[in-house]
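Lettered A, B, C and D in written order, each chain numbered from 1.
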Amino acid sequence: MTRQDKIIREFKQVGTRPPRPDGIDKVTGRAMYGADVTAPGMLWGKVLRSPHAHARILSIDTAAAEALEGVKAVVTGADFTLPEDEFSRDVAVNCMAQDAALYDGHAVAAVAAVSEAVAKAALKLIRVEYEVLPHVIDVDAAMAPGAPVVQPGRAYENVPEGLSENVTSHCEFGHGDLAAGFDKADVIVERSFRTAATHQGYIEPHACLAAMGGDGRADLWCCTQGQFHVREVCAAIMGMESSQLRVTASEIGGGFGGKTTVFVEPVALALSRKAGRPVKIVMKRDEVFRATGPTVHSSIDVRIGMTKDGRITAAEAHLRYSGGAFPCGTVDMGAQAAFAAYDLDAVRTFGWNAMTNRPKEAAYRAPGAPQAIYAVESVVDELCQKLGLDPLEVRILNAARKGTKSAYGPTFDEIGLLATLEAAKAHPHYTAPLGPNQGRGLSCGFWFNFGGNTCVTMNLAFDGTVTITEGNPDIGGSRASISLMAAEELGIPYDKVRTIVADTASIGHNDITDGSRVTFAVGLATIEAARDAIARMCARVAKIWGIEPDAVEWKDGAVHPAGPNAGKFPPMSLAEIAETSPNTGGPIAGHHEVNADGAGVSFGVHLVDVEVDPETGATKVLRYTVFQDAGKAVHPDYVEGQMQGGAVQGIGWALNEEYIYGEDGRLQNPGFLDYRVPVASDLPDIETVILEIPNPGHPYGVRGVGETPIVPPLAAIANAVSRAAGVRLTELPMSPPRILKALSAQG
Amino acid sequence: MKTIPVSTKVNGDTVEFLCAPEETLLDALRNRLGLTGAKEGCGSGDCGACSVLVDGRLVCACLVLAAEAEGAEIDTVEGMAAGERLHPLQRHFIDSAALQCGVCTPGILVAAKALLDHNPDPSDEEVRYWLAGNLCRCTGYDKIVRAVQSAAAEMRGA
Amino acid sequence: MQYERPQSTAEAARLLHGATGPARILAGGTDLIVQMNAGMAEPALVVDIKRIAGLRDIVAEDGGFRIGAAVACAEMGEHAGLVAAWPGIVEGANLIGSTQVQGRATMAGNLCNGSPAADAVPGLVAAGATARIVGPEGERDCPVAAIPAGPGKTTLKPGEFVASFFLPARPARASDAYLRFIPRTEMDIAVASAAVNLVLAGDGSVAEARVALGAVAPTVRLVDPAGAALVGTRLEEDALEALAGACREACAPIDDKRGTIEFRTRVAGVLARRAALIAYTRAGGRT
Amino acid sequence: MVKVLLWGSLRSATGGQAEVEVEASTFKELLDRLSEDYPGLKPQIERGVSLALDGVIYREAWFTPIGPDNEVVLMPYMTGG
């Protein structure tokens, strides 16, 4: 059942802010991240990468590298057997090029040596003969007939004929009669937008340690958002059985979607297999930028019609995304999310993905949604300006609500958009005065949220404390929130619960930590596991008391007689039941395995004030407030943390972050110096307002919160800057040269 | 390649190691001394995850040669707590939820301590500018600034 | 690679002279070690000059200051006398990178790295600072303005290195200021920058003015017409406009990932105006 | 029979119909019938689809019961970050 019979809303512990269980390890430097682990006899792996955006690999001569003292293994594309299925094959080819280098930074060979210095020296001895091919970097250029073809024969059946071979997929969503809708409009605004590719920018580069024996068994330690996914895809690439590969997720130094796939893990496994020794690979920062997943870059046209009183009559968007050198489905999600915040009679979105000679896209927080919603919310804001309407009132007037047929098809159940908009309207930020050269922007945001495959095991120690074994790397404080939900359900103090993230041999499959799923799905499974353990405890106590199991009940962390007829027994606490468990049938555990559905969509509204320096085009963010529906904030600190962190990533995307390519197709800014993520002094406080509109699909009403916050900032900032500057900005990032240019063009 | 013997003090303890001439202090701390609290986020001084003190001065360990540590005093995150007693900054970072993934946290704690050692009562703006070289991608910095300020207040006895 | 830690400038000069491959000076290392980590520099010899007597000192000399080549930028900011006399030079030096970088970076390194966008250099050029250079043939003094030769290049001869800077004595009503434009608030390389050094006459008008621009030409550029536009004025609007115009005129920037020709040219004028006003106020002038 | 709403680009496989009717009582049966009745849908179904049932998105659950009164919308299989 995805719709819960009963949603609990009164809590003793959920909603409090206890210290996180991994806190002390992380503030003392003890926490072990991807690069922090070593093994006896360990070798260092290094990857040689293509300096060309697009080139045929004619030959690779590794003899000199192999002959260097201290080198224990060299691998190239020839050392990998490509999996049958398209998904894994693309991942494999991305990890190690086969016959062609498809982007600047594409791996072409790797070595394992006794030290990092020897491995580096060996890379210089590898001779790769390339035939440089024409390249294409921009999505619109890639879609044009006659563009250099990144990979031939990759188009899905849904792509109409006659387009560039780079176009791999097409999608269309929506309902209603567009022409009739636009006829009803008093004003129609049509605009084209562009957004640059941005990188997740996690501070910890990818790192792994692989140890593979001659018997085909292997252990892999790595920083990942999903150790089970790493196992499946590495096993497929290595031709192994999943159970023979044990993957342990280290502490993870940020992911944001970028660690939902593999880059160096299969390479380390292949090197380890060849060398017969453990191999560690740690990416350098330039490798992270050149060869791991940024998000798509996009080119978008939006057209919206509105009546004089602010009702949207028709809306359409054409989205062209590029996820780099491989087919990519992100545009599907952008096309579905674009108009999710609106209740529309006539709406249509069209999406296209085209390949370019850029690294393979990896998910980035609400993948595909920020770009589309940026374009839509910019046009809505411009309509409000043209019609002299309050942008918040217009959103309220057109807001999707329960019963709205969403732009992507389904009819919405309970959603929190209206309440979120009303909260923004009531907040003092919305009416605070603005000074000269200042502007206020707002935007709605949306994300679907997912559940997915989840296993939780809960074990009661004989002393009455509880361990929870789950399988999702903790990227935002989930061990704290899972412990809280377990403590709540069991009626024991939070500090009696310890949650650990297990390796792939220790618990059943868990989907990746993605889709804002962990607090929802692992939380749900934890609550169910606790209820399973409670049922077992009730049965034990019934046995002790010599009464029927249905004559006892669980209340406030103890088993009680179910009523006066059950007999007079003093209640038995969890600790007492655990202590006697060897005598009553053995250790007590609860577990739950599920493919969770019913995650419940999430909406947010962001409000921002900026000041634009008319002489330099510099933007200063003055005030920022995030409003978001969390269903139930299990640990409010970490809900706020998601809202603040997502907002700031979005601010970076709006103002400064971008992949910059030269004419030669090489990435020009593969470092934190010129890939400019926000620094502390760029920002004001990020104020947060959490709303709690229960999700009917979770026993405590929880919704995922992690992804939605990156969606609104792009348009919120763009709207604020456009209002402050008096000119509409349509390209991200809105770097100072772009803003100054727009100001001068305006005169 | 000739290795260089280095004798230095790390968190108050005298240590000796051999290093390659081009090896960074960060690599020596992590790979030779087993002190993996300082992280390599960039190798170019742009992220601050490897922040340590050398002779009381805040630096990026990735931009110091290990050989330069000869005779120096080095302080890392591993030396901040006195046994099981956490430094107020460490405690407030946990209590104020000023960390999520935590990979930038060691560098930020070392940097924040250096700030409070010379300016016990900084403004929010001073905290933000001092920490501008410490990138955090999870928190948006808000709770980090709060945690530094509450630790500063406690340390001032306010 | 060979790492050496000489105790004297003479010993350092001998080491550099005897180098059999590429040799580099190590002071703060915030450019050199970045390049080494990235594989862009692979020196055969690195000469660490931080143990050379005097090279980490700021001392009074002839009414001005001598600043050792190994003095970290952060140490300059902690020297009250230097900050009072040359606030513009100190603020330029203290804009290089992060707090961490400022704890190591030196003006000499910033100068010898040869970047047209070096934050410490416009201030030195505007100040008329000289560098003391040590080489195989002994010591020589050279105006800082004559050292940059283009991106990544200097006029230093093989085996020469900067040992110290000299900032001349200041009259009572004099000050300087440095401003740069970067996309963020910190941590970026200057997209355009301007340093203005002013000496005021008794009546509050500008008696002497030197203006230097960064990141708008292959080297930091001293713009004489920009200085001339201020002399005799009290920074009235037309004087400021003439200053900005002279600065824009002097710009010969490039389009790159950090900025466009158009942007750099416009913003250089804006920064020079703003820096001039700050320097004027610091020198005791009232507009 | 249940009515299934398809997204726009799938209509080329159904002769232009935005909504098709199939005999199914579970998600699995629905996918099987769709593949049989409209072979043009098969490649997309094999790549992955999600199902929205009365507004709740299901990604994989075969045995999710579907009744004639349910609102059934086919969606692409979704991933997150």
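One rule holds for everything that comes next: a contact is a pair of C-beta atoms (placed from the backbone, for glycine too) under 8 Å apart; a residue touches a chain by one contact, two chains touch by 3 or more.
Given the structure is predicted, the values throughout are model-derived calculations rather than measurements.
By count of C-beta pairs in contact, B-C exceeds the other of the chain pairs B-C and A-C. Subunit B and subunit D have Cα centroids separated by 54 Å.
Measuring from the averaged C-alpha position of subunit B to that of subunit C gives a distance of 29 Å. Here the CA centre of subunit A is 44 Å from the CA centre of subunit C.
Here the CA centre of subunit C is 67 Å from the CA centre of subunit D. Subunit B has residues 1, 20, 22, 43-44, 46, 129, 131-134 in contact with two or more other chains.
Residue positions of subunit A with contacts to 2 or more other chains are 200, 256, 672-673, 678-679, 681.
For subunit D, the set of residues touching two or more other chains is empty. Of all possible chain pairs, those that touch are A-B, A-C, A-D, B-C. The touching residues of subunit C, when paired with subunit A in their complex, are 38-39, 181, 183-189, 191, 257-260, 262-263, 266-267, 270. For subunit A in complex with subunit B, the residues that touch the partner chain are 17, 19-20, 22-33, 35-36, 116-117, 200-205, 251-256, 282, 284-285, 475-477, 637-638, 640-641, 644-649, 671-673, 677-681, 683, 685-686.
By the touch rule above, subunit C contacts subunit B in their complex via residues 1-3, 5, 26, 29-30, 33-34, 36-38, 46, 48, 50, 72, 74, 97-101, 103-104, 185-187. Contacts from subunit A toward subunit D in the complex involve residues 2-3, 156-158, 170-175, 200, 256-258, 260, 329, 332-333, 336, 348, 350, 363-367, 406, 408-413, 447-452, 514-517, 595, 597-599, 697, 707. Interface of subunit B with subunit C (complex): residues 1-2, 4, 20-22, 24, 43-46, 48, 51, 57-60, 62-65, 67-68, 70, 111, 114-115, 129-134.
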